[in-house]
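Each of the next two complexes has chain A plus one more chain, namely chain B in the first and chain C in the second.
Presenting the complex of A and B:
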């Protein structure tokens, strides 16, 4: 079998782009992929965060790329430039995202559009550019979007986030069908609440009682970024070579109730 | 200052909020309103307050004083 490895999750010399790599789930994913043998392009708006992530990666050949994913019209050219320098890609993970824990009455149109732009449209713009011959390596293609349980269940003040993540799930399914002939798989990972810097920004909005209630919604407790990274790596690697169009829920039991 | 109290009134869905008004007396002063005030202070004043802090303010004036203290200006 081509590319025989001890584990189907190993990805020797695969080139993978991870957006949102400066912290949280993106950083953990980048670190794990490097341990599995992949070459990782770390993208984020936060240069200092990317630099910190780069220092955690194992092995040579990784590269940092600062980019603001609100700059949606530039995504295609940016991805082509990245692939031209780094090498053609086998896949990407869109972990870049912004929260918006704002009740509808205080949620501006501009804010929900900003959330949708980074969480959803940037993922779509990356996918649009990915199959191009200057970008895609032509084999073992895998795209993973970081969705959320908020695409499947509701919560007060989660309107904008739910909007962006539910759309991402829908986009993923149609993309999976469009890209199947090119042997590019497309899937989502839907985390529950994970201890990340984004979570800390949301956590300050809760009283201790509310925080305890959210934690209790997770029968296995709150997640760690590594718990999500494990699922992302599984979907990127050949371990998931017959999986496309799926949402892999990684939520400590949150949505089982 | 009028601007702050007008925004607070919008969130609490009342015609006006006077400085001496006790926040806990408003029927709309609940966890969603607290989140809305936090979002408003963040977007309009660049101030990040925690929910636990917000629940401790007794009157609208108490909250306003904190906004002035943290932003360094009167609105």
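Presenting the complex of A and C:
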């Protein structure tokens, strides 16, 4: 019984695609997965950011694979080409995302559709292409979408983001049901306010008083990208082999109060 | 200057089912206080742990809620130890149609499933008892906390109480103590064996669970994660571990 002491979070030689890998949560996730033994395909619109992330990964066998997820009709072919070159995938993490921190009167239809396209539709397009024999390795399938607490709570100037993340939670649940017979698990991680470049862009628009108030609403303070990466890795690996259709909230207690 | 105390993780209900599996895993890295009602089964659980001599046994019937604080307080006081983590896995499952539910039946379920947990946490955050050693708490709740099933009213209520309590103490005890619940779906253990022995019930479970029935190791993995430093920013949360059951309306 005590024979195997390898952690159930280890992912030796699993091949995982991480979108949004050029910065923030995506970068932190790619780094942690590499430390757990996975081979990571790093995707993002930002090539320079991808190259920097590649330099932080542990061990060999990782690959950069640049893409603009607004090209949604090309996702299927792009994913097949990646799997053809890198090897069939065991899972992916959709951490690519854009914010639009403006009140509704300043939010154009085009802008909210752009946010929805990258944050939500790209995830769905990736999921649609994933189970194909050209792409999926056929075992240990696990998909994680980076959602947000903004899918569950509201805030001024968060409409486009909330729209995209709430939809992601809904998509995830039905996907989990459709993919269960193929033993591909689908879950969301919902971060609270985490110190990433995306958050810093939003934070710069706040007054010091607003910033202090948001921090005070977090019983454990603001988070680090590594805190989210750990939750993603937990869900991707065999440690979560019986978890599907769930949202794991990682927010320092923000939504508990 | 006082000697620093040796720190332990308390697991209630450690002599069977999910609690025993949790003990076996956590025993690899931690010193444990194994709690249970039956000394013989507790000793057997201890023998299945890594480094059995490293762990302590606290035999106690949690239905006697008035005696929990004195007993556990004396247990740790006499040994000069501290408790840094609690996993509350003790539970009773009593299935009764609501027309047969009364305060007497509720009494036992509420005491073992919820009140005992409150007594234990309250004791272990008292400075004179446990200083400030307590860092993490995990309650083994149930998806029954959130969803109704005929006959489960008492069990559901007790788990619902546990989860609401969890959310409040997570906010109150932050940032020093993280508190979370795990909500398992149907798992084959001694506690559920009566329920799952009915072939019609077992077949329904297999049908309703997208990933099939779980086993205790699935819950153990979640406990190990939530009690570790990897979950240092997670508090006040209910983690559902149920093979997709509660996401499933297509039954």
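To be clear about the criterion, the second predicted complex is superposed on the first by the 252 of 257 C-alpha atoms of A that agree within 3 Å, B and C clash if a C-alpha of one lies under 4 Å from a C-alpha of the other, contacts with A are read in each partner's own complex, and residues count from 1 in each chain.
The definition used in the following text is that contacts are C-beta pairs under 8 Å (C-beta built on N, C-alpha and C of every residue); 3 or more make two chains touch, one makes a residue touch a chain.
What you see is a predicted model, and the numbers here were worked out from it, not measured in a lab.
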(message) By the touch definition at the top of the document, which applies to A:185: first (chain B), second (chain C), both, or neither?
(response) second
(request) Go through the superposed model and pick first if A:243 touches only chain B, second if only chain C, both, or neither. (result) second
(request) Counting touched residues of chain A, say whether chain B or chain C comes out ahead. (result) C
(request) Identify the partner contact of A:121: answer first if only chain B is touched, second if only chain C is, both if each is, neither if none is. (result) neither
(message) Quick check for you: in the superposed arrangement, does A:102 touch first (chain B), second (chain C), both or neither?
(response) first
(request) Answer with first, second, both or neither: which of chain B and chain C does A:169 touch in the superposed model? (result) neither
(message) Tell me the contact category for A:10 with respect to chain B and chain C: first, second, both or neither.
(response) neither
(message) Quick one: is A:44 in contact with chain B, with chain C, with both, or with neither? Answer first, second, both or neither.
(response) neither
(message) Quick one: is A:230 in contact with chain B, with chain C, with both, or with neither? Answer first, second, both or neither.
(response) second
(message) Show me the chain A residues, by the header's touch rule, that chain B contacts in one structure and chain C contacts in the other.
(response) none
(message) Show me the residue ranges of chain B that touch chain A in the complex, using the header's touch definition.
(response) 11, 31-40, 43, 48, 50-52, 55
(request) Quick one: which bits of chain C touch chain A in the complex? Just the residue numbers, please. (result) 24, 28, 48, 50, 167, 170-171, 174-175, 178, 210-211, 214-215, 218, 221-222, 224-225, 230-237, 239-244, 246-248, 250
(message) Residue numbers of chain A touching chain B in their complex, please.
(response) 101-103, 105-108, 111, 156-157, 204-208, 210
(request) Show which residues of chain A lie in contact with chain C when the two form their complex. (result) 1-2, 5, 8-9, 173, 176-177, 180-181, 183, 185, 219-221, 223-224, 227, 230-231, 233-234, 238-246, 248-253, 255-257
